[in-house]
Every structure is written in structure tokens, then in C-alpha cells.
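Below are two complexes that have chain A in common, paired first with chain B and then with chain C.
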Partner chain A sequence: MPQTLSTREANLFRTVIRHYEDKQYKRGLKAAEQILKKNPKHGDTMSMKALILNAQGKTEEAFSLAKDALTIDMKSYICWHVYGILYRTNKNFDEAIKAYKFALKLEPDSHQIQRDLAVLQVQMRDYPGYIQSRFVMLKARPQLRQNWTALAIAYHLDGNLQKAENILSTYEKSVTATPLRTDFENSEALLYKNSIIAEMGDFEQALEHLEAECKGCLDRLAVMELRARYLTELGRKEDAAKAYRALLDRNSEHPDYYKGLVGVLDIAADDEGALKAVYDEYAAKNPRCDAAKRLPLDFLSGDGFRAAAKAYLTLMFDKGVPSTFANLKHLYSDTFKKETLPVLAEEYLKEHSGDSTTDGHANGDSSKGEGAALYFLGQHYNYFMSRDLSKATEFVEKAIELDPKNVDFHMTKARIFKHQGEIAKAAEAMDHARSLDTRDRYINSKAAKYQLRNDENEKALTTMGLFTRAETVGGPLVDLTDMQCIWFLTEDGEAWQRRGDFGLALKRYHTIFNIFDIWQEDQFDFHSFSLRKGQIRAYIDLVRWEDQLREHPFYFRAALDAVNLYLSMHDKPQNGANGVEGSHANGDDAAAEKKKAAKKARKEAQKAEREAAEKAAKQDPNKGGAQKSKDGEEMKKKDDDPNGVKLAATADPLGDAMKFLLHLLQFSPKNIEGQIAGFEVFIRRNKYLLALRCLKASLALDKDHPKVPEQATRLRKALEGAMGSLAPKVKEVIESELAAVPGA
Partner chain B sequence: MAEDRQPADIVEGATSGDVEDEVQPTAKSAEDRKAAAALSKLDSRGDDEGAAREVDQEAVKNAMSALGGGADKKDIKVVKVDAADVKLLVEELELPKPKATDLLKAHDGDAVKAMRAYLQPDV
Partner chain C sequence: MDIRLLRSSDIPLIQHANLENLPENYFLKYYLYHALSWPQLSYVAVDVSRPPKTPYDYPKIVGYVLAKMEEEPADGVQHGHITSLSVMRTHRRLGIAEKLMRQSQQAMVETFGGHYVSLHVRVSNKAAIHLYRDTLGFKTEKTESKYYADGEDAFCMKLELDFIREQLREEEDEGKDKKKKALKEGEEGEGEDVDEGEAVGDVGRDPAKGSKADQKIKVKVGRGLGVGELIEKDESKH
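This part shows the complex of A and B:
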């Protein structure tokens, strides 16, 4: 039975809440205890206590207390709300939604709970539920514009564009006063509505709306771009061309504008002269413009290309633009261009050799003129489509001779070593390049990466440490993790994997997985924030981007590494606990030796790191106080498995691999490497249907992949033995589907 | 009803527990109150009075009634699904139960058809 509080205790209860809000958890707890002393069965107080405990990081205690509170006081919406909050902070959103719904049933008028529920629903992409919640919220307060916009968003995300537009129009009609020109929310809402109309495919109406309503919108560029697009879609070429020219006058470096303009100009695709004239006009108008000079190289051919490329290269070399090669290598898919460019560079070289020494053409700046051409040729012969490493070395050495202190030249030299397979030499050369400019973060990262490729994790971390925040507790690695430096974590993990330390490798892969989780959760704040700020178009983009988040190649690479590592762990179980010992059974002493060495090195690195941290703490006495509070924070989220020992000791590597694999298959189904890894996992787990699914996908992607027939054979073999034990329906599916798989 | 009386110290986002918004937080002093009021006004552009002035209440009411009942019922095909088939799909295809049920429903409850469809690569 719920107890009622005396006036004094009711006041005390209010202070509990206030203390919680002010994050004065100790005081809050004290007050809660005081109430509970007299009323040990007061559900609301128990719930508040649980909430405070949760905030202090005592999650389990909090949950059991909140449960007790619920059993005592089932009818209290506070208890249910707290229960929902606990689930929410612990990322169990489905359960949180259930709890909120219950709380709402008990207290249907609570804006607070309704709002929390709505945010959770959109976070979980429960669009029908979100529509419902938003509708209730709109009904409660129709005078707030953001409630109308929010309902429109809900319909929009659910795919009901017509309804979304209706909602926005209904609101607009109900507004009597003309909004101010500076009303940002209004401006964005108009453009949002316009984007919905366009999404429905009705460009006629979209254009009409744009011209009638959005003239005064604050995002002028968006209005101009949309107008050009709609005009193009509607085939009004003359107006479209005008619109694109207006855009190019604003920004002559945007390739899409050129593309749009050329698209509506009715120029034959093979009329290179006419096409080039379009670009030349802007090149003449804007002498410093790059796009107008670079883009024609994409479509020009023969002598036209030759002349244009020569002019472009000369300009770039004279200026000494270091990215010249990177900017031109896209042309290499065309054989003629691939062969012409180095010839032109050599010609330039012949004309300018000696320049830098005799007439001081480059004013001592070796990256201009001759140096730039040599650098270009070095990169040319180092590039995979035009590789000739001995020639590459020749040019780079010449360039270095010209200027022994140039970072770029030495960097290219290191890359040539890498392509020669001389990884140790490459790392060394890159570190030398780094030493030439110790304030250049790019070359610093590059050097660290090459050290990782050479399996020098400790050295790499030290290198990275030159640019991380020195005062971070836990050293550079913690800072790199906090800064979500994924490339480093991936390379570090792969290096540890090569060195046989599966624990640390897995640790890194899991860290990356968690970073993507964080990015997923980051959107949480924006469901209400974006509405409040009125930035709806950006918000819709965000939601759609989040839905595709794990397509990212960074995720794919780390996840594939993890899956493959788990597979090898399954095939070759470790005797030892953490993957460092073991494998003696295979008589693989050399590998074991290597692992031992790795372990030792790791210990040393940790020791050094610890010492450095201690030293830093001692050196800076001012930090004493801050340090303490930071330690408190550290305590809460202390990593109980910093070296991944527990990860590597898993009894079910295939099960663990699933966590990574599912996202791979879901978000990158078109990548055959993922499908192949998927097959390997599923066939080991005797999930024949799923293995067959991966195989069929691989087959559709690339039927000539060497792995495909091999996997087909293995699946048939495995099925021969297993057919008898399969459910008849599964058997039927496999028999009919496998027949369509060729080979073996 | 997003930010109407958001207390100044509430942190936006997942970790802000906020039962207490039900209870008006009492500021410690007049100064605090003023500061809190100023702070909460910083971001909220659609605060009640301002918006109410612009909006024709009558029109809003009409608009609301025109909207009708909110979520519209979509036509959902009623398909009977065998629990054993759902279990089979959950086991063999490792789908969560609701998804397995949906997949079956989409194929008229025919487990073989559903599984075959699931195996097809989306090209």
C-alpha cells in the first residue's frame, strides 16, 4: 500500500528531487534515507533513491531498489517513470519505452513523460508510435509551432509525405500575423516544406512554392540551388542555365554547378571545343579558379587534352602545388592520359632543369618548378596503375638531392619502400620525414601509421603522443580513444593481431564498435534540440545518415578484422587464457616466442605509460584537486579489461563474431568480403540456410571470385552429413535453392 | 512541450533524469530565479505568449479538428501464422521474433516461401 507523507516529509521529498537535479547526490541520499526511516515503504522516495544510486554508477543496486519500489507502489507514475529512466540510461530502450507507456497510462497529462517517450520512439525508429505521441503533444499545445513541425516530421519519416505537407500547410494557414523576415524558424520551415514537395516528385509545384514563398528565406544558397535543380527537372533549360550561371558567379569552384550548366546547354557530348569554351569563360573570369581549368581534363581527349594538360601542369608546377598528382590520378583510368601526363612532366623538367640553381626561379623554394615536376614523376611511378618503383626511386632521389629537407619528398620515398615490401625501411624513412618537421601533424600521423605497419605499436603510440593532450589520464591511448581516432585504433589492432596478441587486437576492434554505438546514441539529443532550433532539414539529414551509419568503410574494415580473428580463434583454440600463451601444442615455437616477446613489450609499454602519468601528476601540483575529481570519474568507468584478456578468453568466438557480422551483412551487403566471412561463420555454426544466403549473395556479386566455388563445395559436403537432421521445411528450401548454385 | 519550464541545470540528453519537472523547482534566491528564467529563454523561440499572439486560436482549433484522430489505421492483412513456423525461422534465420512473424505474414504464412525469399540476394 502506498504511504502518504506528512507535510514535513513531503517537503523533504522535494529537497531530494532538488538535490538530484543539482547533482548533489550525497545530500539527496541523506534526505531520502531520512524519509525512509519514518516511511520505509514509500515507493516514490525509494524510486528517487534508486535514481540517485544510478547516477552514482551503482546500476545494479538502483535496479533492484526501483523494482522493490514498484512492487510496493504499482500505481505510482513516478515509480514507473524512474524505472523507464533507469532503462534509458542503461541503453535498454525497448524496456524503457514500455515503462514510460505505463507511467503515461497512470498520468496521461504529464508532458514530461510524453516528451521522453516520444524521443525514445524516434530514437528507436518506432514511427507509428512517434506519430501517436506527437499527435497527443500537438493536441495539448497546438499554439506551439514546433509541435506542428514535429508531427510533420513524424509523418515524413514514416513515409507519409502528403500528410506531412498537410500538417505544415494547416499550421501556416492558422497564422495570422506575417512572420518577420529574420524569423529563422519560419524560413527553415518553409524550405522544409519545399523539400517535402520535391520529395513527392512534384517539381512543378515545388518550383511554384519556392518562387512564391521562399524568396525571402535566409538560406539563399539553398533557394538558388533548389531552383536550378527544379528548372532542370522541368526541362526549362534556358532558365536553368541562367540559374546555374548565377550559382557559378557566386562560387566558381563547385563542380556540380558546371555539370548542371553543361547538362542544360544542349552541347553534344563529343563536342569538346564547345564544352571547353564553357569552362574557359569562367577560367578567364576568375584567373585563380582551379575547377574551371581542372575539370575539362576529364572529358578532353587527344591533342586537346595534351594542350590543356600541359597548361595545367605548367601552372601547377610553377606554383608548386603539392596535391597536383593526387588531383590528377583520377585520369589514369584512361590509358592515353596515363601515358601523356608523365611525358608532359618530363618535358617540363627538361625546360626547367637547372632553374632552381641558376636563375633562382623558385626563390629557393624547392617545391616549385623542377622540384614539383620531380615530385610528380616520383608519385607517378609509385602509383599502382603506373608503377615502376626503380624509376620512382630515381625521381625521388633527384628531388631529395635538390632539397634534402623536404618532407613531401621523403614521405614519397617511404611510400616507395612500402610498395617494395620493405616495411621496416619504410617506417624508418617515414620517421625521418617526420623529424624534418616535427610540428606537422599530418606527417606525424603518417609516421605512426608506418610504425604500426611494422608492428611497432609502442613506438607508434609514442609518436602519436607528441600530438595528444599531455594531461590526459591514462596516456595517449586514452586520448586517442576519447578523440575517436579510428584509423589509429584499426591499425593498432591489426598490428597486435599480427603479433599474436589477440586480446589487444580484439580490444581495439571492440573499441571501434563502441565508438559507432556512441555515434548512434549521439543523435538522442538532437530529437528535441533540432526542433527547438528549427533546423529541420539538417535534422532529417542527420536521421537518415544515422540509419546508414555502419555502412562506413571504417566500420567495415574493423568489423571484418574482428570476424576473421574470431574465426581463426575458433579454428585454433588457445590453451592459455589470453591468447598470448598456448599454441605450443602445435609445436609452433617460433610463434610462441614472438608472442612472449610481444607480451613482454606490452608490459614494458604499460609500465612506461604508468610512470609517465605519475610523473605528470607530480610535476603539476596545481592539478591536484582536479586530478582527484577526475579520478572519481575514472573510478566509475574504469575499464576492467584494458588488455582484452577477457575478450580473448571467450568460449564462444563465433557467437562474439556475430555482433560484428550482423552489421556487416546488413549495411554492406554489396561487399563480397563480408559475405565470404559470413559464410565462414555460419557454416561453422551449422546455420546452413544463412551460409547459403551469404553464398548466394557472393555469387551474385562476383561469380568468379575464387572463394565462391570452394565455399559451394564445402556447403554441399557439410549438407551431405547433415541433411537427415534438418527440419523437412528447411530441407526443402535448401534442396531447391542449392540446385541454383553452380559449381562443385 | 519541449522546453517550457526546463530547469536551468537540466542536461540535455539521455542522462537527464527528469521526474522532477513535474514539481516546480524552487530557486534558491530571487537572483537564481531571474538567472534561470533568462537562461531558459535563451533558446526557446516558440515560447507560449509569443506564439499565442501570432496564432489565430480559432483557426488552430479548426485545423485541429480537421486533422482527425491522429494515427490512421493501415490495412494490415490478417494472416494466420503457425507458431512452430515462427520458431523455425527464428532458429534457422536468427531473426528476432517480430521480424520472423512479419516475414511469414508477408508470404501468407508459408515457411518455405518465406525462407526462400529471405535467401535471395538483393541485387
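This part shows the complex of A and C:
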């Protein structure tokens, strides 16, 4: 039976709660101990103590104490609430929801528990649960607009647009006073409602609502954009054109506005002159506008293209715009354009050669004029659709001759080396480019990337260290990890993998996996934050993006690397547990040497890391060491496998690969590389149906992919060997499905 | 290249651009905080000419401005602040940074009633200082000693946004005049055009020049001022 407290102790209990809330954990613990001395079986106090222990990072101890508290006092909502909080802070949201529901059953009027539960429900996308919670909260406090908006959001996310709109309208009707024009929450709520009406596809009503209710909304751009869109949808072309023109006056660098305008102007698709005139108007209005001059190159052809391209290139070369090639290379899918652009650049060059030696050098900027044209041609011949690397080298060398200290020119030289397969030379050239402007992090990042491509992990980390925060404990790698620098972690992992150090490679891939976990959890606070801020449309945008988070190419690349590495670990089990690749078929000597080199490299890396950590620790005596143990501060968990030794020593590489693979298949099913990797994992695990599913997906994506017939043959062969052990039904399904796959 | 409002899905590549370009970096959540508190203020420049490699390509960000409103302004005046601005080295000289800044400034006034915008810049960053001071019209307020982690000083710079407020007020008046005229002439008065009708701030215009010239011609009407006042009053309460 739970114990009851005396008045003095009940007061003490309140101070425990207060200390916890003020993050005075030591004091809180002390007070809790005092109560427990007399009442060792007081569940609520035990729970509070568990909560404090959890905040101090003693998770296991906290959980076991909280469980004890629950067995003593099953009927205490505090015990259940604490249990829920423990799960929540340890990111086990499903269990947390269960505990919260128990707590709420015991204390149905607790606003705080209900609110916490609601947040967990939307985080876990339990929309029916979220609707229910928000409904209860609305009933408790209908005077708060937030509660109405929140219920509308719940319906909206659940796909019930009509209900969402009704809720918002019901609130609006209940308000008698006219809201101030500067009432931001009101302004946003109106636009939110408008977006829901539009989502239902009723543009007539959406436009009507927009014009009647949203004229004064503070997000003017949104009102203008929505109006243009609705008018277009409704076929009110003249008004739509006016609306798009207003948008272009505001921002003439947004191609969608031109597209919108042209779309409602009734210009024949092949009337290039009329189309161009639309853009010319804005080019004349805004002399510094790029889009109006560049976009017509997309649709112009023949002489019209030639003339416009000539004018554009001349302007860009005169100004020395380095992105000229990058901004035009998409035109290369058109052969005529691909051939015309370099001719125009050569013409420009002829007209301007020698300029730089006379007036070019006088103003000290030879990246303009002749230099810009040479640079363009260097990039042209370096591009895969128009590649001629010796010509590329020729032009870039000429450019460098003109301006030996130009970072961009040297950067392109490094890229040419890369395409020639001269990885070491490329790294060297990029590092030279870096040395020409040591204050620019962009070129510094590129130099590090090229060092990684050349398998120089240690050197690259040193290069990166020139710009990472010096005071970060643990050195550049910790800073880059903290700052979620995905590109570096990916390239670093791939380089370690090439060097045969699977431990460090896996470590990087897992780090990236964890960063995506963090990004997913990042939305947690915004479920309540956004209601307070009132920026509902932005919040909806966030929730929808988070649902697709792991389709990002950042995730795909690292996860595919990890899956492929696990596959090769499965196929070639290693000798030792140190993660260094075992002997190769291509000669034991080479393998041993590689192993030795990798071992040495890792030692060096460890040494560098240790030194960096020491240096960093010296710089900031206040922090001292990786762990901050001040009362009230969360302890930073120590990494017990910094070099991935444990990861590489896995006995079940295929099982570990599943963690990465499942997300690949779930979020990027249309990427054939993922399906191919999926097949490889499943067939090794004898999951024939799943392997077949991947194969069929690959087939649907690209029936001419060379892997398709190869995998089909292997699946057929594997099945022949395993048919006896398969259930007849499964066998039948596979047989009939496989019959449709060529090569099988 | 495309200049448009930031979306949540842009953020990983904005963070990427920031990490490539600048030594001051942030967690993804800090970008989210901006995107969800002041979604109207942050803009990106996107390279739209890259051929897609997979069905899951995200637009490549070549420049961005990450901006906010000061939550508790020390001087009690509602104002914006530039948290971070950068453009990839490969995409310079197209005026991207300036265009991003102008879009953000416009929204600071329109949406949040900002009076000025402030920022910090490294004292050694000549190109950025040139942009802020000479192109955009910022003034240096003071120097903050050792502002950056590596010990470098920062200039605190500030730009008054009156010229945008003035423009908005004029448009408001213009709109009302138009409406009045239309009503006088006995037409059905397509009042719908009133608010969005005219250009709202032109990217690439000299701010000081533009507003002064217009100011002299227009005669201010009481109503227009009234709206301005209303905005100001409410701001001080925030």
C-alpha cells in the first residue's frame, strides 16, 4: 500500500518538484532522500527521484526505480506520468504514449498530461489519437484560439479537410470583435484556412475567401501568389496576368512567375519572338536581372538563340561571372546549343584577346573579359557532355597564365585532373587553389574533399580543422559531427572503406544515420511551439517534409554505402576483429601491406585526434575534458566505440545492413540502386519473396539495367536449390512471378 | 538560378551551403527555428539548371539568407536581424546576395513591421562590407571586439527600413485613391486590385534614391498615416 505523507513531508515533496523544475538536481535528490528515509515506500517520491536521476544521465537506475515505484503505487498518476516522461526523454515514444494514457485515466483533468500526450501522438503520427486529445483540450479551454487551430491541424493532417475548415470557421463565427490588422495569429489563421480550401480543390471558393478575408493579411507575398494561382486555375487569364506581373515587379528572379505569366498570355508555343518579348520587358525594367536575360535561352532556337546567347555571354564575360557555365550547361541536351555556345565563346575570345594585357591588367581583374571566356571554355571541355580534356587543360592553362593567382581557374584545373583519373594530382591542384585564398572556406572544403577522394583522411581532417571551432573538445571531427556536416562524414567514410578500414567507415555511416534520427526528433518541440507562434502553414510544411526526411540523397548515399559494405563483409569474413579487411584473392602480400597501412593510418588518426583533444582541452580550462559534470548539466555520453571496432566485429553484417536498407526501400523505392542492393541482402538471407520484390521493382524502373537479368538468373538458381524447403503456395507465387522476368 | 522563399525541405542543403562557405555553423534545428518562426524572412537562391540524377533530387542551394526578428529588442524597437548570409563561390557576381537581402528586408517591414535590420560582419570581410554599406546602404553602428570564435572583431551594421515603409504607405494611398476614383466614376469598382496592384519594392533599385524621388511627388493622406501608426503601436507590445 502506498504511504501517506505528513504535512512537513508533503511540503518537502513540493520542494522536490520545484528543485527538479529549476534543475537543482542535487538539492532535489537530497530532499527526496529525506522523505524516503521515513517513508521508504512512497511511490510518488520514488518516481520524482527517478526523474531526477534520469535528468542526471543515470537512465538505467532511473527506470528501475520508476518501475519499483509503480509496483508500490499502481494507482498514482504521478508514477505513470514519470514513467511516461522517462520513456519520452529516452525517445521511446510508443511506450511513453501508453504510460501517459494510464496517467490520464487516473487523472483525467490534468492539462499537462493531456498536452504531453497530444504532442507524443502527433510526433508518432497517431492522428486519430491526436484528434481525440485536441478535442478534449478544446473542450477544456474553448476560449483559446490555439486550441481551435490545433484541432483543425489534427483533422487536416489526418486528411479530413472539410472538418478542418469547419473547425476554423466555427471559431471565426464565435468571435464578435474585429481583429486588429496587426493581429498576426489572425492573419496566419486566415491564410491557413485559405490553403485548406485550396487543397480541397475549390479554387472558386478559395479566391472568394482570399479576396474577402485575406486582403489585409500580413504575409503579402503569400496573398499575391495564391491569388495569381487561383486566377490561373479559374481561367481568368487577364487578371492572372496582372497578378503575375505584380509578382515579377517584386521579384524578377523567380522563373515560376514568368512561367505563370506566359501560361496565361495565349502566346503560341512556337512564337519565340512573342515569348521573348515578355522577358525582354523585365530585362529592360531591371538592368541587373539575370533570369529575364537567361531564361529565353531555354526556348529560343536557331538564329534567335544565337543572337540572345551571344548577348548573354558577352555581358557575363564582361562582368566576369564565374557561374556562367554552370547556369547554361543544362542547355547541352540540345545539340545545336551545345555546339553554338563554345563557338560564341571562341568568337568573343578572338575579339578580346590581348585586352587583358592592355586594359585588363590595368584594373587588376583578369577574371573578366578574356579570362572569363577562357574559363568558360575550360569548363565546357571538362563537362561530360562535351568532354575533351586536353582542350580543357589548354584553355585553363591559358587562363592561369593570364591570372596565375585565380582560385576558380585552379579549381577547374583540379577538376580536369580528377576527370583524367589523376586523383593525387587533383588533390594537389585543389590544395594549391586553397592556398591562394586561405580565408575562404569554400575552397578549403573543396581541397579537403579532394584529399578524401585521394584517401588522405588525416590530411583532410587537418585541412577542415583550419575552419572548425578551435574550442570544440575533441577536435575538428567532433565539431564536424556536432554541426551535422554530412558531406564530410560521407566522403571520410568512403575513403576509409577504400582503405580497408571498415570500422571507421561504418562509424561514419552510423553517425549519419544518427544525424537523421536527430533531424526527425527535431520536429518534436515545434508541435507546441508553432501553435504559440501561429505560423501554421510553415508548420504543416515541416510535418510533411519530416515524413519524407529519409528520401534525402544525403541519407541514400551513406545508407547505400553501408549496405554495400555490410554485403562485402558478409561475403569476405575478416580475420581479426579490428575491422581491417582480410586477405584478398589478388595476392596475400598486397593485402597484408594494405592491412598494415590501414593500421598505421588509424594509429595516426587516433594520435591526431588525441592531440587535438588535448589542445582543445588546454584552450578552454573551464570545460576540461569531454564530460561536463556540473550539477544541472546533462552529461555528454562518452562514445564507447569511437573507431567502429565493435561495428566492424559484427557477427551478423546482413542483419546490421537491414537497419539502413529498410529506409532505403521505404523512402526511395524509385531509386534502382536501392532495389539492387535490397536484392543482394535478401537473397543472402534466403528471403526469396522479398528478393523477388526488389527484382521486380528494378525491372519496372529500368528493364535494360544489366543487373536485372543477372539477378534474375541468380534468383532462379537459388530457388532451384531451395524449392524443397519452400511452402507450395510460396513456391507457386514465386514461379509465376519469376516467369515474367526476362533472364530468369 | 531562382530566388524564392525558403522551404523546410531546403534546409539540409542550406546547412550544407553554410558548412561549405562559412565558419559559423548551426544545428539543423536552428534553421527550423527560423523557418517556423519567421517563414517570410528567409530566402534561397537555387541552381535550377542541374539535370536531375534521381527521382529524389533536392534543389541545389547556391545561396541563402537566414533572417529573424529580434524577439526581445533591447531598444524596444521592432527590428530584423540577419543570422547568416552566404553565396557559393561559384555563383558570385550575379548580385545574388543583394537580391536575397532585398526580399528579406521587404518582408521584415510588410509582415512584422520592422523598423530596421541589423547584422554582424567580420571587419576583414571587404566584399560583404561593400555589399552592406555601398550597395544596400547599411551604416556601421559600432565594432564588437572579439565577436567571432576565432577572435576577430565584428562591425555591427544597421539599415533603417523607412524607405520600404514609405513605399508601402504610398501604395496604400494610391490604392485608396484608385478606389475612390473608381467609385466616383460610378463603376462597379474592382476593389480586388487595390492591395496587390503595384510593384512592392523592386529588387535591384537603389533604396535611398527610389524612395526620396517618390516621396516628394506624393501627397500624404491621413488614412495612410493611420495605418502606419497602428502597426507601430502594436509592435511595441510584442
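Here, the second predicted complex is superposed on the first by the 710 of 744 C-alpha atoms of A that agree within 3 Å, B and C clash if a C-alpha of one lies under 4 Å from a C-alpha of the other, contacts with A are read in each partner's own complex, and residues count from 1 in each chain.
Everything that follows uses one rule, which is that a residue touches a chain if its C-beta (ideal position, glycine included) is under 8 Å from a C-beta of that chain, and two chains touch if they have at least 3 such contacts.
None of these values were measured; they are calculated from a predicted model.
Superposition of the two complexes onto chain A shows chain B and chain C fitting side by side, with no clash. In the superposed pair of complexes, A:Val223 makes contact with chain C only, with no contact to chain B. Judged by the touch definition given at the top, the superposed model places A:Ile512 against neither chain B nor chain C.
Once the two complexes are overlaid on the shared chain, A:Leu689 sits against chain B while remaining clear of chain C.
In the superposition on chain A, A:Met137 makes contact with chain B only, not with chain C.
When both complexes are overlaid on chain A, the residue A:Ala727 reaches chain B alone and has no touch with chain C. Within the superposed three-chain model, A:His552 lies in touch with chain C and out of touch with chain B [touch as defined at top]. Of the two partner chains placed by the overlay, chain B and chain C both lie in contact with A:Lys533. The superposition places the C-alpha centres of chain B and chain C at an angle of 90 degrees about the C-alpha centre of chain A, rounded in steps of 10.
Touch criterion not met for A:Leu654: it reaches neither chain B nor chain C.
For the overlaid pair of complexes, the smallest distance between C-alpha atoms of chain B and those of chain C rounds to 8 Å. Of the residues of chain A, those at positions 184, 525, 529, 533 touch chain B in one of the two structures and chain C in the other.
Per the touch definition, chain A reaches chain B in the complex via residues 14, 17-18, 20-23, 47-48, 51, 54-55, 78, 81-82, 85, 88-89, 110-112, 114-116, 128, 131-132, 135-147, 167, 170-171, 173-177, 179, 184-185, 521, 524-525, 528-529, 531-534, 658, 669, 687, 689-690, 692-693, 696-697, 699-701, 727, 729-730, 732-733, 736-737. Here chain B touches chain A in the complex through residues 1-4, 7, 9-10, 12-15, 17-23, 25-26, 43-46, 48, 51-57, 59-64, 66-67, 70-71, 85, 88, 92-94, 111-112, 115-116, 118-123, going by the rule given at the top.
Across the complex, chain A meets chain C through its residues 180-182, 184, 211, 215-216, 218-224, 227, 242-243, 246, 249-256, 286-291, 294, 319-323, 326-330, 333, 407-408, 439-443, 445, 467-471, 482-488, 518-519, 522-523, 525-526, 529-530, 533, 535, 537-539, 541-542, 545-546, 548, 551-554, 556, 667-668, 670-671.
Residues of chain C that touch chain A in their complex: 1-5, 7-9, 12, 15-16, 19-23, 25-29, 32, 35-40, 45, 47-51, 53-58, 62, 88-95, 99, 103, 106-107, 110-113, 124, 149-150, 192-204, 227, 230-231, 234-235.
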